[in-house]
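Order as written gives the chain letters A, B, C, D and E; numbering starts at 1 within each chain.
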Amino acid sequence: MASCGSGGGIKFYEFLQFVPGLSQGNGVAADNCYSAWISPVRGKAAVTTGPNSRHLQDDITIAFTGSGGSGVIAVGEMLLRAAARVGFYGLLRKSYGPQIRGGESAAILRLAPQPVAGFADGIDLLVVLDWSHFSRFGDELILGTDTCIIEDAAAGVRPLTVPAAVSILTLDFTGLAGTLGSAHNNIAALGYCGAWLGCSAEQLVASLNHRLQRQDSATLKLAAQVAQAGMGLAAEHPPPLAAPQPGRPEATRWLATGNQLAALGALEAGIRFVAAYPITPASDVLEWLATHIDKTGGRLVQAEDELAAVNMAIGAGYGGVPAMTATSGPGLALMAEAMGLAVASETPLVVLNVMRGGPSTGIPTKSEQGDFNLAVYGLHGDAPHVVLSALSPADCHFTLGWATAIASHYQTLAVVLSDQLLGQSMQVLPAPPAMPFQARLDRAALPPVDGEHYLRYLDTGSGISPMAVPGDPGAMYTADGLEHSIGATPSAGAGDHQQQLSKRQRKLMGLMQSEHWAEGVEQPEARLLILGWGSCYPVALEAQSCLEAAGVPVNVLGVRLLAPLPWEALQAQCAKVSQVLVIEQNHQGQFARYLRGFGLQCHAYHRPGPRLLTALEIQQQVEALVDA
Amino acid sequence: MASCGSGGGIKFYEFLQFVPGLSQGNGVAADNCYSAWISPVRGKAAVTTGPNSRHLQDDITIAFTGSGGSGVIAVGEMLLRAAARVGFYGLLRKSYGPQIRGGESAAILRLAPQPVAGFADGIDLLVVLDWSHFSRFGDELILGTDTCIIEDAAAGVRPLTVPAAVSILTLDFTGLAGTLGSAHNNIAALGYCGAWLGCSAEQLVASLNHRLQRQDSATLKLAAQVAQAGMGLAAEHPPPLAAPQPGRPEATRWLATGNQLAALGALEAGIRFVAAYPITPASDVLEWLATHIDKTGGRLVQAEDELAAVNMAIGAGYGGVPAMTATSGPGLALMAEAMGLAVASETPLVVLNVMRGGPSTGIPTKSEQGDFNLAVYGLHGDAPHVVLSALSPADCHFTLGWATAIASHYQTLAVVLSDQLLGQSMQVLPAPPAMPFQARLDRAALPPVDGEHYLRYLDTGSGISPMAVPGDPGAMYTADGLEHSIGATPSAGAGDHQQQLSKRQRKLMGLMQSEHWAEGVEQPEARLLILGWGSCYPVALEAQSCLEAAGVPVNVLGVRLLAPLPWEALQAQCAKVSQVLVIEQNHQGQFARYLRGFGLQCHAYHRPGPRLLTALEIQQQVEALVDA
Amino acid sequence: MLKAKEYKSGIKPIWCPGCGHFGVLNAITKAFAALEQAPENAVLVSGIGCSSRLPAYVNSYGFHGVHGRALPVATGLKVARPELNVIAVGGDGDGFSIGGNHFLHACRRNVDLVYLVMDNEVYGMTKGQASPTTPAHWDHSKLTPHGPQLRPFQPCALALAAGASFIARGYAGDPNGLAQMIFEAVRHPGFAFIQVLSQCVTFCPEQARWKQQVHEEDHNDCCDPVAAARFLHGEDGLAKGNFYRNPRPVWPPSAQAGGAVDLRSEFAL
Amino acid sequence: MLKAKEYKSGIKPIWCPGCGHFGVLNAITKAFAALEQAPENAVLVSGIGCSSRLPAYVNSYGFHGVHGRALPVATGLKVARPELNVIAVGGDGDGFSIGGNHFLHACRRNVDLVYLVMDNEVYGMTKGQASPTTPAHWDHSKLTPHGPQLRPFQPCALALAAGASFIARGYAGDPNGLAQMIFEAVRHPGFAFIQVLSQCVTFCPEQARWKQQVHEEDHNDCCDPVAAARFLHGEDGLAKGNFYRNPRPVWPPSAQAGGAVDLRSEFAL
Amino acid sequence: MSEALYQDEAVFLAHSVALEQEATERLYELADTLEIHNNRSLSSLLRELAAYSEQHARQVAGLCQGHSLPGLRAWEYAWPQDESPEVFHYSQVHYLLQAEQALQVALEVEQNAAAFYRDVAARTHNPQIQRWALQFAGEEEEHVRKLQARLLQVNAGQSPRDHTDFDPPQIPE
């Protein structure tokens, strides 16, 4: 860190040095391994060339559905944990009905020998504990003719919409559990599937114990018995499809959601103040922070609303303490005015926006990428700021770290766009390397040389002005959202205005040089580039691999730095191919419109949620373009 | 209006019929004269062809500056009123220092024989009552070598920045007033300038009386004497430049600000509910409404903040009463979340945003066009809505009327962008024709045919769903910002989501057919189109006329319907020329970026305020392009 | 004349079995029956939360807006359409946290509305975080693992200080008593505030104890703000009853009829 | 040790001659002198309004934010940097209209801040519209030509109901008395609220009469909320004095030191 | 009102009708809710109980022929407690409710109803009211016996259950 330059003042705000004081725990990897970790689907750094290493044949997608306390979500989580112990990587997403609790639900699990960051198109194995309301998941549980269904004997009437062609096996999980005195057919199903995947009884019991931590030992014992009975059933009546093969991962692996990883990334990069107002699907970021930030010496405040939350974070940021808040669409809209204040007053601020279906209250529990416009354009006046997108659940960690460093370094607002899919999916991933970013204010010019007046908003070469924080003697100034002179006095002068506007825009240009602006995989002889952002990126990689198999090599690029857009670098990527297809999950094609504003000639494929974008539909789009 | 279809229910909300009950007062003109009135600088309807009828030689710009109670603003207003009576058209803008009152100020007045909607580049006659702080206006009072300065003998030390070349006349306004026992040198200056412009003593006294309404008769009498003394001085020492010639207007003319005209337009089109939170420069819209809406049977509520204001307007709109609020940048940002609610729940809502310098608190008293992005893109999720821009002070009337009708007809949010320059400039203009727009809900399908269920969010051919309002029997429903089915029950289904998203976008397509989407003037053999919006449009027309004089014919188009953009119609206009220059007054070129997103190839000229965009700089830009 | 149950819309609530909000729904339908309310002339306006889902379940007009803004929407609607019976409903999070400012100003403004807050001392819908009325040491939320550690918000005392002219507290477990309160609140000219203790069985199962703890405290005739303040500063928050009633001029004063008016002449030169 | 006048920044206020806010500036500098405040360790945080311009005029750090949000900014700053002396300042419009919710919640939260509101019963900066504290029949604003017709907001009564632990009212025309209040408010642990009657000579020239009308009312030892409520519900709004002081636990409780911690192990399989 | 309950036939009948109707509505409401929450077995049990009450309500309504019943407002009934004695209290149920608990609650409210009628029978001076009250009390006691039997059956047929809640609450908005 640059010297603070002032002797006495420093002592009582030593934490401004931003020594995070965090041990990096397990599986610390060197800095240069980071990008391998972020885009787990592929091999090397930044934009790599070569075949997409992902082989579709190796993976399997298992879905559990049920309702009213049947506990399918719990089974999904326990099975993921157990399968991970066997050597699988995997991803789990959850889907619910509108009830607050006890509603119908589904857990969709994808397992593979190597890291997976996105979901597949179809379901290989569907385990049904209860058929009622199954149609509610029609958008999400897509049955192919090769889907294999295992239904509980007590699952009720199978809906007519289930294709006749699929193979169906009826097993009496309920009866099996019942004979042991348990009502939990879900645990029997867990045992059944676990055995098929090669989990040992210990591994399954360990998962059960982890999940049922607070239960008494009799309950745990009974659950273990039921699971074992389920394992027995698998030996007798295995599912009529081959079990996938686990990998042989050497590194330490983690099980975490994108939201947890975002929160961890923020803390590791130096966030020490969080202001929180709960909102789905961002609340769990805040909740994780609430239970961990104290340990770092930081603070979380539950605010009365989003207006308070964002202004509290600005207050802390003004005080030199790296600060953030997290929200979702409606909350981000409420924060717009104050985000402009962060821009004008040049106060570091990180805002994580975990997107859900919009507009308005919309579809709060489902994923969509509809807040691009608001994040990039939603401030009044000319207010340049930074917008990043996280490219996978794992990348939430990296991107929050980067955003934290950017906000402090550039004294700016950094909005990070994640979404419900990235944020709430649970991923098995290699342990991330040590956080490469640290929040640091550029305080080189402080305090002013004796006799000089401190110029808070000085127009420096880099555009980054010297930022004093309270406690620095001799550098007192009043930060202002009113336009101001370099000396921080309010000014309505055209010259001051032009100077500050230009400076605030120019200072962000430094970011354009960053290699982190995008991730990608190139293939030799590719004629088309699939360009995506956020949670579309893993889907695009998957499509790339399908297309490769079909003999259509394409390049894939996921843009992490959405604004300011490194247009030249992007152009260079686009120039390598003859067609560009922009993909995103929203109705209006917001990102594509944005790119066209820079002059990009592109095709665009976009549609709203809540149905996830699939590799198959992207593949079809690409094939149509390539054929034409 | 479509029949409400229900007998009994209608009686107690008869005002829903939206009979505005307003007599159209003076100067009613036929509907087809409207567009002539709106773009006063030129001749006929929509896009006209022919020479720009504006001749620069005929106009004159007079500025008054002074400070600390010298009353230059009052002089400006009184002179405009008196000059109007002589037959001038004109425009007046005011500029203040940062003090709440008594600070330095300037009144800038442009007079011509035909309507003027924009300001000129330079000052022809500068009347200085006090030189101190003159430099504060350096950006706004641009002195050319042919500027003629009249300074009061007591004006103090002339700053060094005043070019030596200008002609300066020192007159003792202070002494003249003093001999009559008055401290008001400004009134002497009024008499002086008035006489020069050809005003009679009665005309000047009428202006004085209008302005000093609340004063006692002795004061009025003294003021009249001082003014007459000033007139005498003009006879002795006329300014060393020719007086301009007034016109011979036949129609009744008005004196009003854009903000007043916007308010009038809203009431005349049927607005009957206003929610208000004061903010510069929108407060005077609200204040005018507050003193007039009662007469129409409508209501204004002063809200506790902008969040309340916009939601109150939504409540009234849901009740079937045309409703609006007015604000400026920071307030608009606060309204973003609820604006999304209006979109999702399909509630009519008009929001007038009078722009000021941004970002954040920015430069509240000065004009800028920086809120384009926020207005067009500032909602979360995919939220199609309408954004209009007023193209002149007079056009504020038309555009608010149109917005009011659109909001009701399309059950949507209509944002109108005006700015400080349009809103607070005082214009002499021909009396507007009768308001051609009326707010009307499409209630054709109400109530449901017996036995049928009322489907509030039905996906009709037009995309406009049948809207019941409380009081309609048999059509009870709950409006919702959650995604919903056609029957207004919350839904997270992909099908319902897609259907409602598409419907809400499609319903606005009807607007594309409107001839009101833009105004323009074409010239034969034009090779270039100047494309602008809002207050840039009159400046572009002025530049057109200068260019015409210089032998460079260009077309000019001012876009009133910014979103949804009638792209095909715009393309057709652009296809007529080989180059397009987009002009606007903001730092980032927000409109140009937007247009490029549609695929427009254009040049862009934009710079921030508070310095006004001038015809001269546009002319230079065009010449550079044409030369290249 | 409709029966209470005919004021249910037929849409099935998403609420958890045992949720207090059912009791409130029950009370509203009973009050409507007693008021002989024409369904088309009543509007329930809400924000976001479990409680704010209520309008859809009632056979009347409804507006389910955004979080915290029920009162402004209701205010705009009532001022624009004074002949309607407008009732704003919502939760403690919606009304006292994000919506706190509107609550204060609605109390002062005294528009002829009813505002009913289903107070379960928690954010139900977002999974059980502390709300302004949560006890300081309630540590069941991950967002405040040591409890909110703040003095709970006192809705009735604040309503009084802010100028509400009708203040009462009901209990969802007593829908009949609550129905009477709602009935009287609707009849009361001006802003009427009812805080309803409405248990969240899912996140605050301890609220089942309210059945034993809630006690009656009637100040029906209390129109003295000082006496009401004294009571409200002392009580335990579990008293139900009418705490304050003091009609004062309703805003806006009744409208003059809008006739043909000339808005234009002032502009003529 | 600096003298009072050395706490002025040298930037000349834009205020009208005679504006009460000068008196407040004067009082703050005197209080700082008495506190021997190191200028670099004090931060004045404000929103938007004539009053909110004050921070720039004081020789300390300042933050001039957006309208109505001084308290959240101050809260974030103080929680993040507890060693600083953080004072939020602003006007009645800023604090009680748009900022009303933060005011309520700051009172409950009891962070160790001072909040000083320069109450002139008007929106000065936007040209004289009615604020929440404007008298019901004050008809000088074009926005409310018949007067706001609403019951004025009672800041001290509300602060009490919301849980403020220090409540006082000062007068800009008595900067010395006010300086003492500020001095004590800074020393008070927790949230201290001072309402200052600060005349707007431009839009409310009638406030010149405050000089005669303001009267002393000292309840210095009043730590009984019921007694304070009784007083505040009865008084005329022009009493100056300390109305309530009742220290209670400050939020947040003091921090544990952050050392090397392991945030990662919980994720490992 | 309470004196009228004991002495006025129309008022007594109005109470009897309301008592059963309230019970019916409350049970159907809970049954609907449990169905939404996919607890179908309990939901059908509750429907069964609701149908009893509904039938009973019809019987009582039949008796009312020829009486013009007072239109009482919800709060004007002279219930011994806040609500009609035959409704269960809202906070007595939750989504993990088991059949035995539901039956237990139903049993309690039937007992309350029986006690209510016995009390009326004891206090009234009107022989007609007394006849009715005793008849209704008898019917309620009949229900009580049925429920007790049912409860025994359920308890007997049931193996020990662990009540692990595998369905964490969700977060819809």
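Methods note: contacts are C-beta pairs under 8 Å (C-beta built on N, C-alpha and C of every residue); 3 or more make two chains touch, one makes a residue touch a chain.
None of the values given here were measured: they were computed from a predicted structure.
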| item | value |
| --- | --- |
| Touching both subunit B and subunit E (chains) | A, C |
| Chain whose Cα centroid lies at the greatest distance from that of subunit E | B |
| Identity of the chain that, by mean CA position, is farthest from subunit C | B |
| Distance from the mean Cα position of subunit C to that of subunit A, given in whole angstrom | 38 |
| Distance from the mean Cα position of subunit E to that of subunit D, given in whole angstrom | 57 |
| Distance between chain centroids, defined by C-alpha means - subunit B, subunit D (Å) | 38 |
| Inter-chain centre distance, subunit A versus subunit B - centres from mean C-alpha coordinates, in Å | 44 |
| Residues of subunit B whose C-beta touches two or more other chains | 98, 304-305, 307, 330, 337, 340-341, 345, 360-361, 480-482, 490 |
| Subunit C: positions in contact with at least two other chains | 14-16, 48, 66-68, 97-98, 100-101, 104-105, 125-127, 132, 202, 252 |
| Per-residue multi-chain contacts in subunit E, two or more chains | 36-37, 95, 169-173 |
| Every chain pair meeting the contact rule | A-B, A-C, A-D, A-E, B-C, B-D, C-D, C-E |
| Interfacial residue positions of subunit C with respect to subunit E in the complex | 4-5, 12-20, 22-23, 27, 30-31, 33-34, 48-49, 67, 125-128, 172-177, 179-180, 183, 199, 201-203, 205, 207-208, 210-211 |
| Subunit D-touching residues of subunit B, taken from the complex the two chains share | 98-103, 276-280, 283, 286-288, 290-291, 300, 302, 304-306, 330, 360-361 |
| Residues on subunit D engaged by subunit C in the complex (per definition of touch) | 97-101, 104-105, 108-110, 132, 149-154, 157-158, 160-163, 225-226, 229-230, 233-234, 248-249, 251-253 |
| List of subunit B residues in touch with subunit C within their complex | 9, 12-13, 15, 21-27, 81, 84-85, 252-256, 260, 264, 267-268, 272-273, 275, 292, 294-299, 301, 303-305, 307-321, 323, 337-338, 340-341, 345, 428, 431, 470-482, 489-490 |
| Of subunit C, residues touching subunit A in the complex | 14-16, 48, 50, 66-68, 97-98, 100, 123-127, 129-130, 132, 141-145, 148, 202 |
